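Two complexes, one shared chain (chain A), two partners (chain B, chain C).
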Partner chain A sequence: MNVAGRNSVSRLLPVAATSAVFLIGFLICSLTFPNFASLRVVMNLLTDNAFLGIVAVGMTFVIISGGIDLSVGSVIGFTTVFLAIAIEQWGVPPLMAFALILVISALFGAAMGAAIEYFELPPFIVTLAGMFLARGASFLMSTESIPITADLYSHLAEQAIRLPGGARLTVPAMAMLAVVAGGMVLLHLTRFGANIYALGGSRVSTALMGVNVTRTTVAIYTLSSALAGLSGIVFSLYTSSGYSLSAVGVELDAIAAVVIGGTLLSGGYGFVFGTFVGVLIQGLIQTYISFDGSLSSWWAKIATGLLLFAFIGFQQATLGLARRSRRLAAAGAH
Partner chain B sequence: MSETAAIPGLSIDTAPLLELTGFSKSFAGFRALDRVDLTLHAGEVHALLGENGAGKSTLIKCMTGVVHRDAGTLRLAGADIAPRSAEEAVKSGIATVYQEVNLAPNLSVAQNLFLGRQPTRFGLVREGEMRRRAREVLAGFDLHIDVAAPLESYSVAVQHIVAIARAVDQSARVLILDEPTASLDAHEVEILFAVMRKLTARGIGILFVTHFLDQVYAICNRITVLRNGRLAGSATTAQLPRLDLVRMMLGRELAEATAHTGAGRAEAGPEQPAFASFEDYGKAGYVAPFDLALRPGHVVGLAGLLGSGRTETTRLVFGAAHADTGAATVDGRKVALASPAEALHLGFGYCPEERKTEGIVAELTVRENIVLALQARRGALKPLSRREQDEIAARFIRLLDIRPPDPERPIGLLSGGNQQKALLARWLATEPRLLILDEPTRGIDVGAHAEIIALIRRLCAEGMALLVVSSELEEIVTYADEVIVLRDRAHVARLTGEEITVPGILKAIAADAPASGQAA
Partner chain C sequence: MPLRLPRIGTSQIVALAAILAINWVVSPQFFDIRLQDGRLFGSLIDVLNRGAPVAILSLGMVLVIAMRGIDLSVGAVMAICGAIAASLADTHSLPVVLAAALGAGLACGLWNGFLVAVLGIQPIVATLILMVAGRGIAQLITEGRIVTFSSPELAFIGGGSVLGLPTPVVITLALLGLTLLIVRGSALGLMIEATGGNARAAALAGIGTRLITLAVYGWCGLCAAIAGIIAAADILGADANNAGLWLELDAILAVVIGGTSLFGGRFSLVLAVVGALIIQAMNTGILLSGFPPETNLVVKAVVVLAVLLAQSPRLKGLGSSLFGRGK
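Right, the complex of A and B next:
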């Protein structure tokens, strides 16, 4: 029996649409501002949005598995405060402090994943509690903004691959590109990645197919939190300080980037690359506003909101079309 | 066993592949399984049959370790095994494929086949190798599809085959198919049968649960029937004619049943014209088109095995499901019957089979439950006053003798029989012209049984039309003026007057002629 399936190319449609939006946006910016189309602007785009990109990759894993992680913004905030206090007040070597915070944030994520699994709680509630906990803990440590003066920080800030036209590929940008590449490999090329998609497709079936659902869920939230920790390190490098109010609302920016990148909020479908482009689109809007100079920065939020609406509508439309063509195909099969 | 059609050369001498002995299981004092034995040979398709609550699901769950049995031994190819979960059962060689396809719809076919055991190199899945193997496995089932496409882009039949292929590929020797054909059409069933024949040729033993008797005779070598948690019998298909099989499933002896024939049926007056009629009414894959006429003072009984289309027929008549062929006429006018609300306005009432989930609202009081349908028909803008509600509740509690006679008691605290009476009261309060009753006497005690039947007779005498589904054939013959027999989702016989006898109904259910348009 020969049966034709829906072409898997159509699953790439949302990512293609997101990429097209980015390219068109970049073209508009280039036409509006003469200096825009340069390697330097692109590299700055990567550097300025590195922390968001890193955390959004983790969010992609969580959302594809059918969950959500609202705690990541607070974990970034906690990380910056922890690093500032550990390095400046306790005298911990910066690299040791990095390792410590990665372990702490990973354990924090593991605990949230375990709570979701063992108490059968919705991820929304558990990570909401995690959000308050992490933010509260960072306030407890310090309410002041603490500058970080360690040598490593100024050293890392100078480290960069110099590119033509005065462009610099900075450490934060490299970290993000590495995370994006690693995330793509992990999600698309490993058994763990396949399990994540399966979880988002049907949790019950995944368990019946012999996948250890508990272990997979805990691993997903561990990964998301650890990436939030890494994002916090990058954020502290970027600002050279620790502040308990930093990265407020970043979890929502990350979710927006994931959805604009074509990942279905209900789980089961999505690509890391789409998220990367989603982050770049948000960065592009910010850059446009700073180039313009006269626009209020709140326009970035409005533009992001409109884009979100457009993409969700687009997803529903393509999903509806896919379902209809599937029904037609099923009806035509015999 | 030379008579088995599907597998030539299968011999009774082959050692049993799977042996269940003395399986027992109780749930809170209720014996769901009572010393059940079953023997499955390599290379045979073995039908496991029984009505609702016969213990089929419990038996399968006990075999696969999903439920812990109280007693009994399980031997696979001569060795005792004791799987404690579905996963362990698969590892020891017993795989189950359910009616619902338990795969991830969004993953590719290849990923679904190999999830958890994908070929890898340095921790990375070898996509090409996995697809090659997937094509190889599916080719063994004559299925040539794009294995990179998501599973959900294929029909349910293909998804079933992928599920079976996954199960079998994990070195299954015993395959349990739990009603895999319920959502398949005739052509897809043929494809599935071809797959089953291939598997038995490889020496795999298949335990096949189904409600479709035609399928049993088309593919099975041996039949085991459960009834009320006990083994009702086991025989080769050739040695068990349909009539005997149906009798075994329903557990009735002809001689005993005959005594009830036609007893006490109301004297038929001059037949009144039908006020509602259905012509060529049906829905593809649900119930084959049927004709039905409903007359005042006339009881139509629907008889058949579980899954034969009885409830489906009543749901079509009540507008809870939508016909895609035929026409319904009420009082000489064509009606669409697009929703239960429309049926309600036409004066139809419906007591569903699942009293607990579809009928009563357990937390509400008896009074509130009784006025529910009447209020719904009047609309939210014309509320019944509390005095009207009290009057209605009091009247029906008296009329139907609902105990305890307390209208303010939550209905969930009443016995099954009294809940059923309150449900009847709900519909009687709307003064329906047609009342549809689905298994009105299921799960209630003997005393209430008789009262409900007496009530059916009285309603009928008052000129109400009734459409009654019942598995209790002795009951049906006492009150029905016309019995429609269903098999495999089609109306296959219409019995009237003297023809309405228990043996007559049994014969019609078991008749050999394949039902026309089954699952078309």
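Right, the complex of A and C next:
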């Protein structure tokens, strides 16, 4: 498991590298645009990427366990449509609708986890079917964008902690920070979190250790889908509407954020905090492009691709170094 | 698992026949084919024609999956190659246009192969890079616009006909024949199956797994380029945002329906093409039956789950313990 090195300093190296990239990027932006370095920009960065941050935390859990969840973007889309229809057409109170959709998405994730576990299927293809199913279900409910006019929505939009300089810590941003903090506690301080690392390191050894692999796998996918549901709630707060085509491709952004955050895609190693910084880096690229004004939005995709390549190359290099030093150590012991 | 001969694919062909029969019930003129201006028309021809891009993609994808890999970037590669073909079409001759687009596809495929075979990156991750960046590159080529062209030679590839059959269908058949010849006419297919079954054992047996991986990803990129050219030629333009969108998933689905396991090993080229036709026949059937096209995704999801459960090792064990006791 501890592939990146023996001591905790080199274990944290990928996260440190990600954070350094973010800080350097922020510095470049601040030097390029005079108004960039303000609390207001940072707070907007948090608000605009809140839904991505929430879903990326769930993805971190899935990827550390050695799996992948392609369905999260569709679950977000389904959530926004469900909320809009439930609140506007069925007259369900918003808070009740929130609770309902969290239960539905959690059950959806549990079903996918169970399918992966009981039928020994690759997570990639099961969650691909889940992606089709959730997106298809939201198309069936409505293909039009439905505005949500409930009082709670406008009320929540006004709720914010006011900070100096006109900055506002909004409800979506607070929700993301809470999920990141909760995710860190769950992953790094609980037995469930330790089991997830073990599962990503080696399934067989984990089962031999006496961990209930089935229950852990189902719980991981339940968590990921429930967080996607929460992310959908935040997304609908952010846009005040429900649309079946919303959040198309968010699963890719989430996976990219996790990888940029230093988590190994083969599982067994990673940090929630790294994912958080990975989300911020993606947001920073978007913000740079919107500040510049003349750059087109497709540069964001190319820049994200380059970053992905750089970080994956970095991972491969550290893995190779770790293997070599282990071999050397083993040779020295003789 | 012992290496078995490819199954005959009865279940896939029965499935295709059943879907075509349902289409016939839904729309009685489904099998009507008429000859007009030297070209065949009809719903069945339409299924073949519309299914061509996914069928071509699945020809590349099936080899990648047989090597225990996956290529998520084919949709983005389609967009890149379509963009190149469309933007060169009116200023350059057809051979130059095709060479540029095919070359770009091959380069994309080799890049994926380099990441997987030389740098040792997991296929999902390695091809994810191009999947994310590829659409950006395509938009860079088209400068964010929808590039249109009027070159009749290039348009022929998408909308013309050869011997009465639409050109995309002819290209698909030719490509299927070529792939069968290369892969099954030599030991290459066996080497691919061996590498997918157990890469280490294959390498120890003297197979150049690294070179084969590189070649297979290159071939997959080339197939994506051909599909991209057809898609662009069909609409007389390149739309970097929507060309080939989600087709990588359809191609993977076609391969899985075709009975090739995602765990690598034995594969079937013909059945992958049949899988692509099954997907397209379902799409056409849903359109003909008057259901909203939105049901398409739900039906697709149900089909994926059904195929997956049929392939699941546990269910197979259950089935053989129930039915195979006599053997």
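One rule holds in what follows: the second predicted complex is superposed on the first by the 328 of 334 C-alpha atoms of A that agree within 3 Å, B and C clash if a C-alpha of one lies under 4 Å from a C-alpha of the other, contacts with A are read in each partner's own complex, and residues count from 1 in each chain.
Here, a contact is a pair of C-beta atoms (placed from the backbone, for glycine too) under 8 Å apart; a residue touches a chain by one contact, two chains touch by 3 or more.
What you see is a predicted model, and the numbers here were worked out from it, not measured in a lab.
Look at A:Leu140: by the touch rule set out above, it reaches chain C but stays clear of chain B.
Residue contacts after overlaying the shared chain place A:Val211 against chain B, while chain C stays out of touching range. Chain A uses no single residue to touch chain B in one structure and chain C in the other. By the touch rule above, chain A contacts chain C in their complex via residues 68, 115, 118-122, 124-126, 128-130, 132-133, 135-137, 139-140, 143, 252, 255-256, 259, 265-266, 296, 298-302, 304-306, 308-309, 312-313, 316.
If you check the complex, the residues on chain A that touch chain B are 1-8, 11, 185, 189-191, 193-195, 197-198, 200-202, 204-206, 208-211, 268-269, 326, 329-330, 333-334.
Those residues of chain C that touch chain A in the complex are listed here as 70, 119-122, 124-126, 128-137, 139-140, 144, 240, 249, 252-253, 256, 262-263, 292, 294-302, 304-305, 308-309, 311-315.
Residues of chain B touching chain A in their complex: 86-87, 90, 101-109, 111-112, 115-116, 118, 120, 123-125, 127, 142-146, 148-150, 152-155, 158, 166, 185, 187-188, 191.
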